[in-house]
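Okay, handing you the structure first.
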Amino acid sequence: MSAKPKLKQVFDRPKSLKDVPYHYCPGCHHGLIHRLVAEQIDAFGLQESTLAAASVGCSVLLYDYFDVDIVESPHGRAAAVATGLKRAKPDSFVFTYQGDGDLAAIGTAEIVHAANRGEKITVIFVNNAVFGMTGGQMAPTTLEGQVTTTSPYGRSAAEAGLPIRVCEMLSTLEGTAFAARVAVDNIKNLKKAKAALKRAFTYQTKGWGFSFVEFLSSCPTNWKMTPEEANARVGKEMADYFPLGVYKDVRAN
Amino acid sequence: MSAKPKLKQVFDRPKSLKDVPYHYCPGCHHGLIHRLVAEQIDAFGLQESTLAAASVGCSVLLYDYFDVDIVESPHGRAAAVATGLKRAKPDSFVFTYQGDGDLAAIGTAEIVHAANRGEKITVIFVNNAVFGMTGGQMAPTTLEGQVTTTSPYGRSAAEAGLPIRVCEMLSTLEGTAFAARVAVDNIKNLKKAKAALKRAFTYQTKGWGFSFVEFLSSCPTNWKMTPEEANARVGKEMADYFPLGVYKDVRAN
Amino acid sequence: MYFDTIIAGFGGQGVLLMGNVLAYAAMHAGKQVTYMPVYGVEMRGGTANCTVVISDRPVGSPIIHEPVSAVVMNRPSAEKFGPMVKKKGQVFVNASLIKEGQFTTRAKTVCWVPTMELASDIGNRRLANMVMLGAVVQGGGMLTIQQVADALSGALDPRYHKMIPANVGALKAGARFISEQKAAKKG
Amino acid sequence: MYFDTIIAGFGGQGVLLMGNVLAYAAMHAGKQVTYMPVYGVEMRGGTANCTVVISDRPVGSPIIHEPVSAVVMNRPSAEKFGPMVKKKGQVFVNASLIKEGQFTTRAKTVCWVPTMELASDIGNRRLANMVMLGAVVQGGGMLTIQQVADALSGALDPRYHKMIPANVGALKAGARFISEQKAAKKG
Amino acid sequence: MARRVLIKGNEAIAMGAIEAGCRFYFGYPITPQNEIPEYMSMAMPKLGGTFLQAESEVASINMLLGAAATGARVMTSSSSPGISLKQEGISYLAGSQIPGVIVNMSRSGPGLGGIHPSQGDYFQSTRGGGHGDYRTLVLAPSTAQENYDLTMLAFDLAEKYRNPVMILGDALIGQIKEPVELKSYRKKPQDKPWALTGAKGRHGQILKSLFLADGELTDHNWMLAKKYKSMEKEVRFETYRAEDAQLMLVAFGSVGRILKTSVDILREKGKAVGLLRPITVYPFPKQAVRQAAEEAKALMVMELNTGQMVEDVKLAAECACPVDFYGRPPGSIPTPDELAKEAMKVWRKRGLK
Amino acid sequence: MARRVLIKGNEAIAMGAIEAGCRFYFGYPITPQNEIPEYMSMAMPKLGGTFLQAESEVASINMLLGAAATGARVMTSSSSPGISLKQEGISYLAGSQIPGVIVNMSRSGPGLGGIHPSQGDYFQSTRGGGHGDYRTLVLAPSTAQENYDLTMLAFDLAEKYRNPVMILGDALIGQIKEPVELKSYRKKPQDKPWALTGAKGRHGQILKSLFLADGELTDHNWMLAKKYKSMEKEVRFETYRAEDAQLMLVAFGSVGRILKTSVDILREKGKAVGLLRPITVYPFPKQAVRQAAEEAKALMVMELNTGQMVEDVKLAAECACPVDFYGRPPGSIPTPDELAKEAMKVWRKRGLK
Amino acid sequence: MPQVKVISERCKGCGLCVLACPKNNLALGKEYNAQGYAYVTFNSDGKCTGCAFCAELCPDMALRPYKEERS
Amino acid sequence: MPQVKVISERCKGCGLCVLACPKNNLALGKEYNAQGYAYVTFNSDGKCTGCAFCAELCPDMALRPYKEERS
């Protein structure tokens, strides 16, 4: 009788995530993005030196999940808070985690200037084209025609303009060293997302400047879709308007 | 004895400017830019339908000079105030007049979003690379190495980043219909400035969208230069970093 | 007359609609009424609840710490709200998802309503909430089933008006179940 | 001892420096002193002024509505501050730029100081402000010229220390002018 | 005949505003007031009005400033942190005398705090959260019906005084669904010679708060102070079973409504307890409180905070009788029973019979 | 020996901060406090510290929040409109218990107003200009020397209470140049176990103001309320010729200093007039005022506004003697003579001899 | 044989793993967990490759794939 | 003959018109106006073309150029 081959666990939680359930809705990508960030913290050995600026949005409870030092930021101000953290503790790894309402609406000035100054921080931008936490209002990144609770007839370009492409806008600034847009709707994209995150972490740990990773993310609840439909929308409509890719990588050789 | 040929005045104040002296320092371009704007108001016959949003900066007393309806905006918020004006009175001609501290620092979110929404307003942006009114502090547009009262050792790119090129940044937004950077340091540039202003006015009066004219401007007082030196700096160092030209003109044929 | 209740369950179970219909019916019956939903972050994670207070006098507080009744449509709700109900109160339990012993309560009366089964019986499992509402009205006695049925056209979005007869059927099924139970107990 | 003055002129005339040197000298002489500049938008348009108060007692208000003296270096300043000076006060007028009849004042004493001419005489027209300060100190009597001269090294940026002897010369020239005038009047 | 509907407090505000002729709304989402922008986004396009979701609360108060400068009726709404961000703009509105209605469905603070009902923004609302020596009228509804009615009033007052008017509620007031009678608004068209409409047949005119010339700002501030004084005639309050009350409870908004039940409970026990509920919290019903202080044996203030309105009550009572206080920071809503118990403590402490 | 220098009030603040170990400054220019960022921009690089000009006041208060969260001593400064914009951030600092020093060299409002000395921000500073039921310690210096000394104190208090501390001045206090004795700061190194320094040898820790669980926010608010109560021991005030005063003047900051001369003038005329000058305006020197109200025949409050601190004085005096008020909105600075005259009016009105 | 353990109390029944599995090894079940979610079940009929795609794409980290150890 | 009138009370002596004039017709004077500025003076020795560059570039609109009317 041949010995049963030993089974090895090929996936586990990153250790910089606490072992607690998320409060996120079924199928929400926030949880997945958290994990990817935590994996890099582990990979770079940064759990003991990370300082995070949480933001206000569905991910406001970030600090219940990440086992690192975290400060709550007022809505939209995470990039300014992170600037304070990094200036005071330049040897720390500092990141923000912000939604599209947080970063692209109320926090526009803070993100533009943090990028322009070339703050040595890493910004995780979760673009789900909607204000999730507050119940599904229009965001600056809401697609044209998309129905939300404050665009009940669909977003109108004439009234509200077209969605802002943040990655592209920030890439025009001299201070932005790395900027990429990724998605986690399938394994291929997930791998690219991991690579982009890794690169962003590299930028900060090497002191190369401001790094920015935009995640296209789903919000089944407020999109009024099943998780599968929402997941599919990320790769289709969203990625159509917000093309995936690396927008800036000043140290690319 | 031949009759002396009659002399005709070949230059006069625009009528939408009140006949009062400016409070500006000798050689300051603000006064000149005021006049160019007023000339277009006259040329387009808009004195009776113009609503302006004044801003906070050396030009805060705009309403003492322009003979049109004007509301004071809190520092940086002129683009939001103008949005309110235009939405409430869509048939009016609405413009803002903002300095680089006002528009490119504290007012970043407001200008980005007004542009992105494609508000049908005209923004006059006076970039003199310094906070004039408050006594010469560093602005987001202050050139690298430039000494100001808050960059006494010269602006450091490592600490403060490089100057923001607003015209370029706003041009990436879908809502920006017209954007140009001009100067008034010599007759040639003055003519181009007039043409750009005219085009911006055309955009608004035809309802074509958001129009933006950035003026490189001098601040002899805070640059600690004579008016001539300051005037020369506009055309040299400033225009080197902030290239003049039309950046966007979506209706150009 | 005074009645209050907390109605709780998963987001998809239509608990807010139950509260709304009840409140609407109370208004039409000339009562004072308040309806109070949970809102904000508390909505994440898929649970929902609302509180309805019906009275002859103006309603002071729309939120109740010790309710006269609770309507619990799933287990987490039963665990959370069961213990809060007054001693003399009633708990209406969705017997299709909750089992005996899965929650505690001081309440004298616990009505086990097999909502999904009753709804299936009348041909539409999705009407489980209306079945429960019928049971609550019958058991609570603050309104008549007819008053609630009459309120449906006002409370429901016109898009759903064609569903009114089915809803009325569900209300009645729930009411009937309670009556039968009572009769059984008495008998 | 109590003395106050408003010193006013064009931005380029060094009026703020005059005030600073005076305040610095007062501090070193062990007096209580305040110096208050104008600031903000009022600075546009090229005029400047400051107020210095010197006293044996703590100074309550650093801003004076009816000053004991005013030092006016140009015509707009004379027009603005001349009328504010107390009846018993003194106005020090820059006679190089201001003519008789160009401003009004109630002040008993008006000293016309040809600052630029006196400064030219000692070889540097740009020291007109120090000439005037010498005149003010001599005329006001709140400090000695020596006290002011001694304060220069502290009040001036080290870059300008090599200019101290010239400054002292200017102070003295101004003081001498006042003494001579007084002597002339008496005589 | 007035239509009776079952609507949320927030919807009542939106509907009241629209009934009062408000056609411009600028806002930014925040719980627990989202039904206001959501209602507006649905209704405005149909009415030819403007709903605009701004990029922030700072932007929205300034859009309001711009639109209101043209003489239009304009509203914005938010909740505590967002209202803090609007303070600079509110101060400008007051300084430039531009009317506007600002709704604060306040949350529990400080900071992000929570979304529980709370009355922690009383000071901010009544004592110039913004800089400078200005005041805003502040209306504190306690039912959905009052939300509707007072919103209409808010627009009238804003224009009458050329001043920002605040509506101060909380999650209870905004989220509650109650029957509301939809009365119709009797329009009083007002002349607005100050409005910016274009320099047609006149010189350009200006709305501003900057006054540089000597004494100008002093005059401006005196004028404003006089105006604020003149607002005192707008005082509104409600009394409930106040006749012969030995202990008079004083509370506004959500606590004010809960206390009615407490008063009933206490009256049933034979205790002569009444309620004075300020409806305008600025201007504060000083005279009514003063009178109550003279007639009752004790006043008792109850608030969802650790003591804010109690200062106004003490200032108004002028030591005519003792003023007790029960404060309860946000986090849970007190029941009528609990509050009745607290009242009884004071009843006994003050030896009332 | 302490060095004596002639410096501006604003510079005194910057120098006091640096002496107290402040190495992080975030600000945005605004008159009349620009000498603070300007001094910092000059000094910080030499000290290995950080001066950062933020894109706005909103950004700067949040940079302060971030840097202070690591346990560093951090300062920001601004003036009225900028302080209004910081209110949300201040509320977050209070809620998350993060220390920080915020200077308000206030301007005259409302709105843009002007840059005249003014005391229109008293309410905003002492009564939570931001949302929620929190308090900040507020120090009100009246001389350049006090600017220096109180700034050092501000850092200590901020850390002691894990709370934002405000320094409230105006153009007079910021722009005046006076001799200042540069005392040296005796460092009291403090343990800051709450500071974010990286999860080394411990789990991650959190600084936050959001409390969602039932009752958690109530507890948090009670804890804060207790803390505010405990701050009362920090009360500081100065009396001037107060012995036997029949009329006690009460004023803070710039008016406080001007009134000293007025008191001298009145005393010379043989009038028993004294001055009580609150140095901390929150906590307010209630007991001192109460005692003055008992000992004097009348109190008189003078402010550069139309009536703010007078409420605190009345609340403290508890009707023990009449409280009169002279207010003067910004626009011109009152002279000692003018104020002495106003005091004489009250002297006569109250029949004092 | 490779296999996947489902931590049923963590599963929210979103179905994203079902989509992710190239071998169709996962399916939403009929049992509800305490949170009220019908959690996913693993069909261990031998098709699982241990590729971990399912776990990688599960937002809630409810899956633990195992694979034979290479020796 | 083309010429330029200087509104001396409006001139701030900045010298930008001096720079602008292709014919060197303008120069800063030695007289001060009431504001204390040494205002510019026009040298009418016949070189002025009435091109108005000076007026166009004067920030303070202190210049009024005149030109023969074409008939």
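Which chain is which? They are A, B, C, D, E, F, G and H, in the order written, and residues in each are numbered from 1.
The criterion applied here is as follows: a contact is a pair of C-beta atoms (placed from the backbone, for glycine too) under 8 Å apart; a residue touches a chain by one contact, two chains touch by 3 or more.
The model shown is predicted, which means the values in this text are computed figures rather than measured ones.
Any chain that touches chain B and also touches chain E is listed here: A, F. Each step here moves to a touching chain, and the least such steps from chain B to chain H number 1. When the C-beta pairs in contact are tallied for A-F and for B-F, the bigger tally goes to A-F.
Work out the mean CA point of chain C and of chain F, and you get 56 Å between them. Note: centroid distance chain F to chain G, computed from Cα atoms, is 60 Å. Computed from the mean C-alpha positions, the centre of chain A lies at a distance of 41 Å from the centre of chain C.
A straight line joining the Cα centres of chain C and chain H is 88 Å long. Shared interface positions of chain F, i.e. residues touching 2 or more other chains, are given as 31, 52, 55-56, 58, 81, 88, 92, 96, 111-112, 208-210, 212, 332. Shared contact sites, meaning residues of chain D that touch two or more other chains, fall at 40-42, 45-46. Along chain G, residues 35, 37 each make contact with two or more other chains. Per the touch definition, chain B reaches chain A in the complex via residues 105-109, 112-113, 116-118, 140, 157-162, 164-165, 168-169, 172-175.
On the side of chain A, the complex with chain E involves touching residues 56, 60, 72, 74-76, 101, 105-106, 108, 131, 133-135, 137-138, 140, 149-153, 159-160. Across the interface of their complex, chain E is touched by residues 20, 23-24, 27, 32-37, 39-42, 57-66, 155 of chain C. The residues of chain H lying in touch with chain D in their complex are 32, 34-37. Residue ranges on chain E touching chain B, taken from their complex, read 24, 26, 50, 52, 54-56, 58-60, 62-70, 72, 74, 88-89, 92, 96, 98, 196-201, 203-210.
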